[in-house]
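In what comes next, chain A is part of two complexes: it sits with chain B in the first one and with chain C in the second one.
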Partner chain A sequence: MEAGWRHAVIPWLAQAPAAPALNMWNAPAGTPEIWMKVGIAMLAGFGLLAALIAAPTRLRRPISGAFIFLAGLFWVLVFLFPKPIDSQTPHEQRPRGFVQDVSFWLADAIPVVSNFSNILTAFILGLGVFSLVRIHLMRVAKKQNDWPFSVVLLVSMVAMATFGYWDWKTRLDLGGAKVDEAWPLAAYGKDLLFDGMLQVMEAAMFSLIAFFILSAAYRAFRIRSVEATILLCAALIAMLNLMGAVVVTWDGMIESFGKDNAFVMNFTLSSVAGFIRDNLQTPGIRAIDFGIGLGALAMGLRLWLSLERVGGN
Partner chain B sequence: MANEKTIWEKLQAIDRRVLYTLLMVIATVSLFFKVNVPTKPGQPTKDLYRLLVDDEALPEGSTVILQSDWTQSTRGESAGQMEALLRILMRRNIKFALLSVADPQAPLVARNVIRAINLERKAKNQREYQVWEDYVNLGYFPNAEGTSNAIAANFKTAVAGRKETPPGSATPLDVFQSPVLSKVSKVEDVPVYINVTGSKTSNILIERLGGRVPFAALVTGVMGPETLNYYQSGQVKGVAIGLNGVAEMESLMEKGLVETGKPEVKSFAGETNYGRGMAYYLALHTCLVLMIVAVVVGNVAMVAARKKK
Partner chain C sequence: MDGVYYEKGWLGVVFTLMVAGFILLNIYRARKTSGKLFIRRIPGLNAIDDSIGRATEMGKPVLMVPGIGTLNAISVQALQIFAYVTKTAAKFANPIRLCCLDPAVYTVAQEIIRDVYQTEGVPENYDPDSVRFISDRQFAFAAGVSGIILRERTAAAFLMGEFFAESLILAETLNSIGAIQVACSTEITQTPFFVAACDYVLIGDEFYAASAYLSRQPVLVGSLVGQDWSKLAIAATILLGALVNSADGLKRVPDEANEGQTRALKADEKMITDLFSPKKPEWKPAGGTQ
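The block that comes next holds the complex of A and B.
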């Protein structure tokens, strides 16, 4: 009886490969049924949100804490629970038993739960857009400082979204190849705004980093101590090693002096830079990564168990 | 008069605007010269080239997953990497499924590079890569961690619902009906998973894919040292790092790869191999020389000023 319950419910919840293609969670694309289900899901979501807002203040933290715990528990189980050897084994060929059932259920549910987080992230993008529009509309309405820049931002945002969506729709309707050939207004507008303006400005903005790096290197790399001298030497070797012409020339010179002498060959630029990279730089980064990993684990545990106190509590 | 700075003091405090102007002039002028600067490819790039070109590692005509996670902010490095990679894949008739997790702009940027390489092939009377037949664009997934987890667990479910319009058709069809993904249902079904990235997505993939599939990364110079950790541990089979990596890749494409004790890997001599990597490589050299000269001048001036005191 218990096994029957598991075998009925687990694949249904996880949308396992053996589960029917259409179940209560989905419907054929574009049908009224799917739109109705989307509407119901949105209403339920807003209802839950409203209930959470209406809940007494002292209950909000335990409620959100419970959701956080459940969400985290899934990934903890995925990490700790024994994994199936092949998660895509056909349903009827899967081994039976509690451990096997749960491990297959967890494996099947990963894409579903990941989709939840993808959707939440998409909502965050939407929230960002909403917040940006609200702030800048207010600034324009109240004619606050630099309000013309807000107008530029809003106009750019609307233009980019309009042409982006129009181009996407045209490509969907006509096919990408035909759009590239005919180059209609939608594609032209998108190209001008996206490739001609946004992308170029983004590249220009990030290329400014080179100027700051040069200025900072000139001012900071001074041999004021032994440590600074070691750092400077290592940096110079790393920089020289990035220059193929220097590496080829120097290494060629060393090879011509002592091709058969293993000791001399240690002084090729690629060997010295490789030694620094493999024995000093990479292990150093590995150690830092370990530290960051432990810190993230500790922080993750605190968040998962709602031990983290924020907002001045 | 007594407060007038000596030449050594002045050289210790060169105005940043002078440095900026020098850098701008040197970088710009260098871009006008087309010089094939010699390179000595490092082992990570050689391994990447072997993985992409060796028929045993990546059989001709097979399908790879290509995760493109860069935008114009890292164009100097990532665009050259993407172009070199696409040239190799297209010359070897390797199909690819393109997806992005880092930035909503990334799929569009990748599509532009595909179009540019296709135009290059068209000009040489070579077969253009066709969407649906040769590649599919799975689009953007807005959560790197979650998407990587889902791909590792069940690729087919992770990208379910993504559609592409076949040429000559007005109806978008499921990407798994395309010749590109018809034989792929899990990530283990592809011989190589490739990530061209300007951020940490390669690390996330390594953590989440967990060795299910040979993984290759083309990363920026900033991410290079961190990625080398995974290369040293064998979790990444080959890496091209930054602009230097692009120039090395292009050099290998032109000259091929001969290594002691390993089978020779063919070159693509006679084709357009030197591209954006070599175009920018001279500028990398001259800008690094400027940086080294600036650092040396600052230090010499500091030592000379101290001695004088």
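The block that comes next holds the complex of A and C.
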């Protein structure tokens, strides 16, 4: 009896791949059922949002805090609870017991909960695009400085969205192989805009880094202080260690002083570079990583428990 | 538990809970003492006011970039620091530019900045276009922000959060126009670039200490002290782990391959590995329920 309610309730939130009928989150694509569920979800979402806006100001914070706590609790449980070895195990073969049920439920519910944030992100992307369009339309309308660049941006955005959607729809209707063979205007346009222009321009931006590394390194390696000198020496050793001819020459010279002398052999370029890497660089990086990890944990805790006050408060 | 469940590193879980406990305990302590706990001086954070002052004198905007990560603890922390920067800029009616790559970060940033202007009593000075969504593609974003830097000649810039390859593009563009830069990346691979190119750099957890340092809110100060205690606990654990691992290294066990022989323990047979990351047990569905 006790197990009965568990088996009825627990799969409710989980999108178990083996048994879609067990949960309320999925339905076959294109059926009226899925559209009905989408409609209900939209209504529920906007209803919740409207209720939150209509709620008294002093209540908004505890309400959103409760939502944050529940959402965070799920991921805390995912981290703390024992994990199933194989979450793909068919339902009928799963061992039964409270811990086991919760464990499988958590594993099965991860895609559903992750999808919540994906859906929210999709809505928020609309806000981002709105901001971009508003700023640049205003700039064009008021003929502010560099307004032709704003026209380029708006035209590019509309062209990319149009060809992207057109190509996607064509591939959906005709199939990818046929599109690649016939190469219609939709595919040509999308390929030109995406692979021919966007990717190339991004690669050009990326390649700027090579020049910036040089100019930044020039400034950083100037001998201004003890720290800068130490940085210069360490960087020099690391760089020389990557140059085969220098390594062979230097190490050969060290070996000529005494190949069997372990102390002397500590001064080969690869040994010195290895020492710096293993004993100075790696522990330093680990220590910084620990600090960053702890900071993120503390920040996460404060956000989860609504202890953080961000903004003008 | 039937051998079906993978009890992954129970000591790691206990340790995480202990660290969380330390932090919460210190938040409680700091609340009781109204946050009067010591925090050492961080030069990068002292430079914030100077940078904004310089921008005000020059009549140029202050640029803020919360990295290119999604909405997570790192970007919220960056926005927390930017709230302070905006507060100071709002006092001097100095324009700001906050450029976002992630739409979720953009939405939250807009709310925070509007809230800051309202709290400072100058809501009319808030310009909705000061917080901008640039692009959600890394190098398009870098190009867009570089364009703003060059066109508007920003006098001070704060690059804080998750940065990747675009870090140097932004820092060097800012350097080319002589802007003061205060930077910090939680990505360890980008910190050297910032150190090489920027005027002030916050390293590692100084980024998380910033909001406590600037605002002195008891909750943040307590959390920071808790983090420091946790660091000590981690250092002690590393020391203990090194000793236990060394002792394990001296142990000999019968060698399965050579009868009568002994061998040293393999890395995954050592106690520390087993405590933090045990081997996944073998299990196959039996075809029934227990």
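Keep this in mind: the second predicted complex is superposed on the first by the 249 of 313 C-alpha atoms of A that agree within 3 Å, B and C clash if a C-alpha of one lies under 4 Å from a C-alpha of the other, contacts with A are read in each partner's own complex, and residues count from 1 in each chain.
Keep this in mind: contacts are C-beta pairs under 8 Å (C-beta built on N, C-alpha and C of every residue); 3 or more make two chains touch, one makes a residue touch a chain.
This one's a predicted model, so the numbers in the text were calculated from it and none came from an experiment.
By the touch criterion defined above, A:307 lies against chain C but remains apart from chain B after alignment on the C-alpha atoms of chain A.
By the touch criterion defined above, A:195 reaches chain B but does not reach chain C. By the touch criterion stated above, A:62 is placed in contact with neither chain B nor chain C.
Shared-chain residue A:115: touches chain B; no touch with chain C.
Once chain A of one complex is fitted onto chain A of the other, the partner contacts of A:290 are limited to chain C, with no touch recorded for chain B.
When both complexes are overlaid on chain A, the residue A:80 reaches chain C alone and has no touch with chain B. Judged by the touch definition given at the top, the superposed model places A:45 against neither chain B nor chain C. In the superposed model, A:299 makes contact with chain C only, not with chain B.
Of the two partner chains placed by superposition, only chain B is touched by A:247; chain C is not.
120-121, 125, 198, 202, 205-206, 213, 215, 217, 219, 285, 289 are the residues of chain A that lie in the contact sets of both chain B and chain C, per the superposition on chain A. Residues of chain A that touch chain B in their complex: 15, 17, 29, 78, 87-88, 107-108, 110-118, 120-122, 125, 171-177, 180, 194-195, 198-200, 202-203, 205-207, 210-211, 213-215, 217-219, 221-223, 232, 236, 239-240, 242-248, 251, 270, 274, 277-278, 281-282, 285-286, 289.
Within the complex formed with chain A, the chain B residues making contact are 14, 16, 19-20, 23-24, 27, 37-40, 42, 71-76, 104-105, 108-109, 111-112, 115, 130-131, 141-143, 145-147, 149-150, 152-154, 157-158, 160-161, 165-170, 172, 185-186, 221, 225-226, 228-229, 232, 242, 244, 247-248, 251, 281, 284-285, 287-292, 294-295, 297-299, 302-303. Interface residues of chain C facing chain A in the complex, by the touch rule stated above, are 1-2, 4-8, 13, 16, 19-20, 23-24, 27, 70, 73-74, 76-77, 79-80, 83, 87, 100, 103-104, 106-107, 110-112, 115-120, 129, 131-140, 142-143, 147, 151, 165, 168-169, 171-172, 175, 186, 188, 191, 193, 195-197, 203-205, 207-209, 217, 219-220, 223-224, 226-227, 230-231, 234, 280-281, 283, 285-290. Partner chain C is touched in their complex by these residues of chain A: 79-80, 82-86, 89-90, 92-97, 99-100, 103, 120-121, 124-129, 131-132, 134-135, 138, 145-146, 149, 198, 201-202, 205-206, 208-209, 212-213, 215-217, 219-220, 285, 287-292, 294-303, 307-313.
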